[in-house]
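Read through the structure below, which is laid out as structure tokens, and then see the notes.
When the chains are written out, they are named A, B and C in that same order, and each has its own residue count from 1.
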Amino acid sequence: MSVAGETRAFGLRHLLGMEGVAREDIVTILDLADAMAQISERPIKKVPTLRGKTVITLFAEPSTRTRASFELAGKRLSAEVINLSASTSSFQKGESLLDTARNLEAMRPDILILRHSAAGAPHFLADRLGCAILNAGDGWHAHPSQALLDCATIRKHKGSLDGLEVAICGDIRHSRVARCNVIALQTLGAKVRCAGPRTMMPVGMEEQYGVTVHDRIEAAVEGADVVMMLRLQLERQRGALFPNAREYARFYGLNPARAALAKPDAIIMHPGPMNRGLEIDPAVADGERSVILEQVTYGVAVRMALLCLFAGVRPEVG
Amino acid sequence: MSVAGETRAFGLRHLLGMEGVAREDIVTILDLADAMAQISERPIKKVPTLRGKTVITLFAEPSTRTRASFELAGKRLSAEVINLSASTSSFQKGESLLDTARNLEAMRPDILILRHSAAGAPHFLADRLGCAILNAGDGWHAHPSQALLDCATIRKHKGSLDGLEVAICGDIRHSRVARCNVIALQTLGAKVRCAGPRTMMPVGMEEQYGVTVHDRIEAAVEGADVVMMLRLQLERQRGALFPNAREYARFYGLNPARAALAKPDAIIMHPGPMNRGLEIDPAVADGERSVILEQVTYGVAVRMALLCLFAGVRPEVG
Amino acid sequence: MSVAGETRAFGLRHLLGMEGVAREDIVTILDLADAMAQISERPIKKVPTLRGKTVITLFAEPSTRTRASFELAGKRLSAEVINLSASTSSFQKGESLLDTARNLEAMRPDILILRHSAAGAPHFLADRLGCAILNAGDGWHAHPSQALLDCATIRKHKGSLDGLEVAICGDIRHSRVARCNVIALQTLGAKVRCAGPRTMMPVGMEEQYGVTVHDRIEAAVEGADVVMMLRLQLERQRGALFPNAREYARFYGLNPARAALAKPDAIIMHPGPMNRGLEIDPAVADGERSVILEQVTYGVAVRMALLCLFAGVRPEVG
């Protein structure tokens, strides 16, 4: 499949969030991700596309899957990948994020991938640096590569997102994944229903994003094509937003009975890491409608596509 | 030397411990390791054998040499190596080992190398994952690549292990190295003598493993072809198993006088890291019969062999 | 530009400090760095010069830029780079630095890059190991690759260092950068003026190094071609060496008024990470005479040159 023949230029210089990202650009990413997904299934999972390009990951918060996914994406494209984490960085010596990033930029990376606890940190850098910035998660704000891999996974299973009913359930308020997905899914034509405890639902979701909001998970899941459960961000919450874990699982966990309310061919998603028995029942997480591990596989493919596009390289994928 | 011409298939899907590993498979590993050892002595220490293969190391306990040894083995074979450690992993977010490993598997590695504090952790994953699992140390249980590199080092010096007398001395009880070596050495035809304080000797060693057990180190070392000293696992012991360090060195340390009891051409081994002056005297550790650093060199070669075999690639080594 | 045609052999086996390093060897490094600097400006920032060579970084102190700079230098030359940090090393298990280093050497690296809190640690290893040791910072003692990249940056801007007036200002006593720069700059023909509080100025600087010493920064900066500000090593100081941060900035910080005392075409340098508003005013750090980020860019180039020279490879750079 040749992607190189397209004529419209890719419209983004940075990937900071999903706000304002054009449908055409999302489709470009997903199309290229489909081509990239084939590479990871070959005996020799490596192509020379990004040979001689430099990717720096700067993670000021711990992460397994996202950093590893980006690193692997870079390596399968033959890029050089340099990993920096908060514990080994000059942050400890009181240097500002901007100075750290400027220093890294002076080493001539093509792409800087940033995870940071402060919402807006990647935007701040994007206004001040020359290299492409990919936001790998900033506080509660955004995690756009996760939304894109979710869209890629859905499109793989459903062909198109147009007119799909997608339920996003759980701790919407603390979820950068939810925020990005709402926007990306709607840009691609899906309708979004959100459900969760009132204490975890941002005020004005309906007005701001045009989604439907439900207090009870059953109402959101009923008749849905896609059910996306969110991780209960125990480590991000300050103060008790629900009585206890057992109560949460009882009222908001996706168990087999609730999952059965969705369409018969609905798919079940979760961005991970899962709290099994809390927001999702193991029988559902490991069930045949679960595509949770496919999301991870698509994560590498979507990030390969992002690295190509933001490095300015449109590969011929044979 | 061509290894590719062999006809018998390699019999292992995972390397979890040395129990039940056939002599033929060990010999296949050691033969390939001998060929691989040549690569690290060349001016250009790299071959394309595992180009496009992905190796993930997941270390839930700190380690210098084992992780670096596997990483270097992978890189000298042109594999992509992704390192994950406990401090940056989703373990911190309460994810189970199985979910973490399944997520990594979904990124399509060819081999997953695991170090974990829980004995049996690699076996648990091997039953549930599709990719090859190499155990790089699980609690007190097993550390098979260490046993294999020890066997490779001995074979290099002695030609064959058949009929050799090997003394393993020290803290047998807390040593995953000892357990694996006892089995591997016997599979290759060596006779094993164990010595150590009663408090550090598992009950029933003679019956279970067919070794001879001695309270005093002198009895084990006398007439031995190989003397293998174990690291006193200070960090693994709960409670005092011997009066103090000086007492331990006095009764169980390998000093020159004790080393002289072994055969004149005996070799001295230690898996590292050494507690100098405790289980081994510096004069012995740095003496001309010591092969301790050769063990490290063979470590890279044995791990190169393991990566090839478990990735299903039998290289021509010219 | 061909560097391979030179006939004089490079005179160094290790890079431990700048003491005793011949002018010719520094010039060889800087000339090769100028050639290497071009590589990082190309669309494909990678050459095969060090394919099959192994570089190990062993950092017993945290660092962003130095480790990343060496890693990137190695990768752009196609070397294999293995990173080891204190937190994952056998240091934690009580192994000596020498045993750790010997173990790493047994894995057949071509170059070992060491950062350590103890002054003299790299010298200690250089006397005992066979592979080349590059000192990436040892306590207050030396940081020679920083001095070399500073010299490379100055030469780029001034053509030659002969006869230049260089002011080094701040916490001279705790600065390994200052010590190395004083020697390297003088070897290349520059005259050095040092300024800083008495409590941060080593006794006998004039006699030992032949520099001029000033209590007030203005006297050192006046008429200088180069002004090099030092990081206030807050993390290295034991006890209060000056009343407080505001006092320090007031008397020893480089503000626009003080910077104006230097020659009109003077350049402003800082090794980073900067304490903005303390030893340097943001208006100066970000001003048009600042070459602080160029220093970082040259850091990669100088380290590429060092890796080639210490691996014994003199590249043709086209």
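The definition used in the following text is that contacts are C-beta pairs under 8 Å (C-beta built on N, C-alpha and C of every residue); 3 or more make two chains touch, one makes a residue touch a chain.
Bear in mind that the values here come from a model prediction, so they are computed numbers and not experimental data.
If you sketch which chains touch which, every chain touches every other chain without exception. After Cα superposition, the angle needed to carry subunit A onto subunit B is 120 degrees, rounded to a multiple of 5. Separating the centre of subunit A from that of subunit C, both taken as means of CA atoms, is a distance of 40 Å. In subunit A, the residues that reach two or more other chains under the touch definition are 87. Residues of subunit A that touch subunit C in their complex: 51-54, 56, 80, 82, 84, 87-96, 99-100, 102-108. Considering their complex, residues 40-46, 59, 62-65, 67-69, 71-72, 75-76, 85, 87, 234-235, 272-276, 293-294, 296-297, 299-300 of subunit C touch subunit A.
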